[in-house]
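Following this line, the structures themselves.
Each of the two complexes below includes chain A, the first together with chain B, the second together with chain C.
Here is the complex of A and B:
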């Protein structure tokens, strides 16, 4: 009698060699309803692509194997949470890192859910059966990731209060709007293939390694193994999505009529690379500030994963096919390597009375490390922290001007990289339909001017306050954002930090 | 814009199986380098060569059967393109010019 393992092996081999069985051969022409009812023309791609057979899933995944592999990964993650709960690991995690997790989980859980919605569209309206299947596995991944992030928050609310309001915080918290703006765009792409540039190219090739590989090593170094396991497990799916992005890009750029496609593809490449840079710069603070035990700087992770892995990797292969470096790449490098994470951290501290997670001034040890990694750190923000050392609360009263495209406060100033916080930033404005819109950067303004009808209606939090739709008082704003009294503030002034220091002394 | 192509790289969640894969790669490519990070194992080979993972060699290292598709349970990042992901071997390479 053949052993079960041998039968599996034979099936695996057959399916691998006859991948069409589970993709193109599953396609059928609908007969109960018209094709336009299944997939309305406005939801299908407008790209004039002639030959979709060029796309192939490099992993040749099929459903049975997907379930088996994912079940194994889920088991490991659930075991990690059980072990952490059983042995009280949360109490041995540095509170600085925990403060960061309060910011991290709501943003990431919802981004996964929006990516799920986006891929529902691509999977259904894809012109290529192989791509439809790959996108189908991806939408299952995204939903699983969202649920896993919520499961991780369930574990955390036993120890910390703030995550119990995560959904309201995601909707209304001031610093979440930059994430919301980007992620909700996943569910509303102008074209199914714009979604591929948003998720598979810019997000997954460009930035998930920073988020799901660099950040977990920092999590592990600060005692948070649940986070490390969860994010690495997530990234093991992202690698498949990256391969899907590579294969789609290649299939598009190898079309005979690629000259016709290039302007649209280049715009999507420029747009999404910039949009993700704007958002993921915010996550630089996990590596540079929240982590007390540091593994690498945001700048180092950016060079390794973004520049070497994404930009150079893609252009090496696709420049000969007509793809140009992303517009605004110089601004991206200048910001990420000089001041982006420092500006974000300073801003977060300036508004710590409107936060639900804690921030804190960098310690002497932090500062020595930051100066080593960022030689101009003192000019960029060191002077601000010296003021805080001398008793200045470092707080800013009143709401900041917020960029009408990315929805993040306007705090960057590429005009003066040596002292970007000197208040002399160049404000970019555009008039549209009788209204003035403000932008933080050339990148955000460029995107708005290409698609004003899409972005003009999104009001910033500051605009909502001015219009009286959101309360103008600190108390009212906190309530609107889902913040309870006592949340946020300076971590080093809270009992939890003193308890942590005492527990460290006891060893 | 582009400079010299970076190494082909495989980043795996650390563990017994990741170590066996690293040794299997080294067996076929003497230029392979292995680096350890917290929870992560990084295998690199020069850009102009190829990274080959043969199932038979991984099984020899592990002393038991191994399904190459389980690489997906520990694959954290890769640099290169998957040229082959068959039941017997996985091959990572840069695109030919």
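Here is the complex of A and C:
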């Protein structure tokens, strides 16, 4: 009679064999088409990796188990939407938070779709079958996330008219260009392994806790349980993606020819950490401004998730293998902890006539909280809101100078963290092929100068208007961006806010 | 190729629909309107130097087609 231990060992061996056959070692030579047609040489990695066997799928997941687990998550999320529909939860959500969701959903839905496209490339062109399989699971995850974001918008559009134009808004709305630039970059990496640095390392280790934990917590505090449920469901996959990023990074840095690989890997680490900081700093306005019931400042979330979780965690593991702190870390910290969310919010208010979501001046209660969290808040932007209090509409009539790399208006001044708009401002420019390119920061300029052929062709919205390719009038621009009359503006001047205040007094 | 102008102490810079041949006074009027300032109580600066003569073209002060000006409120 077989011993229990022998049976267990045999069962495990069988499991590993099955896993190898169906996932980690699932590789074949194509017979109907050539290998170059399946994976053209220009789409494959140019990294001189010596040992592809070091790469693995860190989760060792069978497809049937993957489907079962994901189906359970779907059930929970769809139940949350059905309950919200049945009990009319949307009417109990703070309109300030709803204004933020108008910005959030179009950006995030499309970002997930681009991550799906990016992983289609990695999964197809990876020389390691285990990595291809892990990436295959991830591309399914990203598609699920994108579909759920669209599904959530389908629910929301009954209450939020603006979301009916989400696709056009994503394509043409001024602030959305910063997301488009980043995520179209994600889907078209220079190398399949660059995608891992973009997605699994910088985005998922660096920022998804901010996006899918800190923001949903604030959402729940402002009555939005659907958002909280959706993002928690998304984040449950991110842990797997983060593990894939770590495993891939380790496999690359443990190659015997590590020194040969390091300059490229370090550049990708520097580049994508900066690119994500520039874009996801925008999410600071959800915590610092949209949320009336505040749970955590962007600065606190940044320290907890970005500095401690991402930078310190990653360097602890990989600095001994040669990885250095990201090149622009000092600028990132200076911006995120001093003025990033405040500058973004101020800019959004200054252009509220070109928005589809509402903005508003911070209330006295907001300002007290902001001063407590950011001791230099008055120097940074408090003076501006005082001007608005005194009757200055605070808006700007004109086309802003937009960074030719990140596509966001130039509102940061690394020279002066206490008053980012002070006289010490220095405009960064680069001449390339007879044209002047403008940058918001050393980080954006550095990336452009490394890869000008990739970024030089992208025109900013302001440049398109100057060239006559986009209408120059406010009405024409709003139509181009998909904005209908009545959308945008100052929330506190709208009936919906007054009705909300009345309902709060009654309730 | 475009000239941009920022309100002193403010960002972002804004596109100024003007070129090096544009007279300083005309450029000042356009820039002041963007921030709803009175052009009579404002002046343009280039690299920290005021552009004093409203009848002279921007080019006379060395302003090229890609440069950044500042609008300063005075008085």
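As a working rule, the second predicted complex is superposed on the first by the 485 of 507 C-alpha atoms of A that agree within 3 Å, B and C clash if a C-alpha of one lies under 4 Å from a C-alpha of the other, contacts with A are read in each partner's own complex, and residues count from 1 in each chain.
The definition used in the following text is that a residue touches a chain if its C-beta (ideal position, glycine included) is under 8 Å from a C-beta of that chain, and two chains touch if they have at least 3 such contacts.
Owing to the predicted nature of the structure, the values given are computational and were not obtained by experimental measurement.
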- Answer with first, second, both or neither: which of chain B and chain C does A:221 touch in the superposed model? first
- For A:192, decide between first (touching chain B), second (touching chain C), both and neither. neither
- Task: Check the residue A:399 against both partner chains and state whether it touches chain B (first), chain C (second), both, or neither.
- Result: second
- Message: Between chain B and chain C, whom does A:347 touch in the aligned arrangement: first, second, both, or neither?
- Response: second
- Query: Once the shared chain is lined up, is A:427 touching chain B (first), chain C (second), both, or neither of them?
  - Reply: second
- Which partner does A:308 reach: the first (chain B), the second (chain C), both, or neither? first
- Quick one: name whichever of chain B and chain C touches more residues of chain A. B
- Message: So in the superposed three-chain picture, is A:436 touching just chain B, just chain C, both, or none of them (first/second/both/neither)?
- Response: second
- When the two structures are overlaid on chain A, which partner does A:488 contact: first (chain B), second (chain C), both, or neither? neither
- Item | Where chain A meets both chain C and chain B, residue numbers | none
- Item | chain B - residues contacting chain A, complex | 1-3, 5-6, 11, 13, 37-40, 65, 67, 69-70, 72-79, 81-82, 85-87, 94-95, 97
- Which of the residues in chain C end up touching chain A in this complex? 1-2, 4, 6, 8-15, 33-36, 66, 68
- Task: Going by the contact rule at the top, pick out the chain A residues touching chain B in the complex.
- Result: 5, 9, 12-13, 16, 58-60, 65, 69, 72-73, 76, 209, 212-213, 216-217, 220-221, 225, 228-229, 232-233, 235-236, 239-240, 242-243, 246, 295, 305, 308-309, 311-313, 315-317, 319-320, 325
- Item | Footprint of chain C on chain A - complex, ascending | 343, 347, 392-393, 396-402, 409-413, 419-423, 425, 427, 429, 435-436, 438, 462-463, 465-466
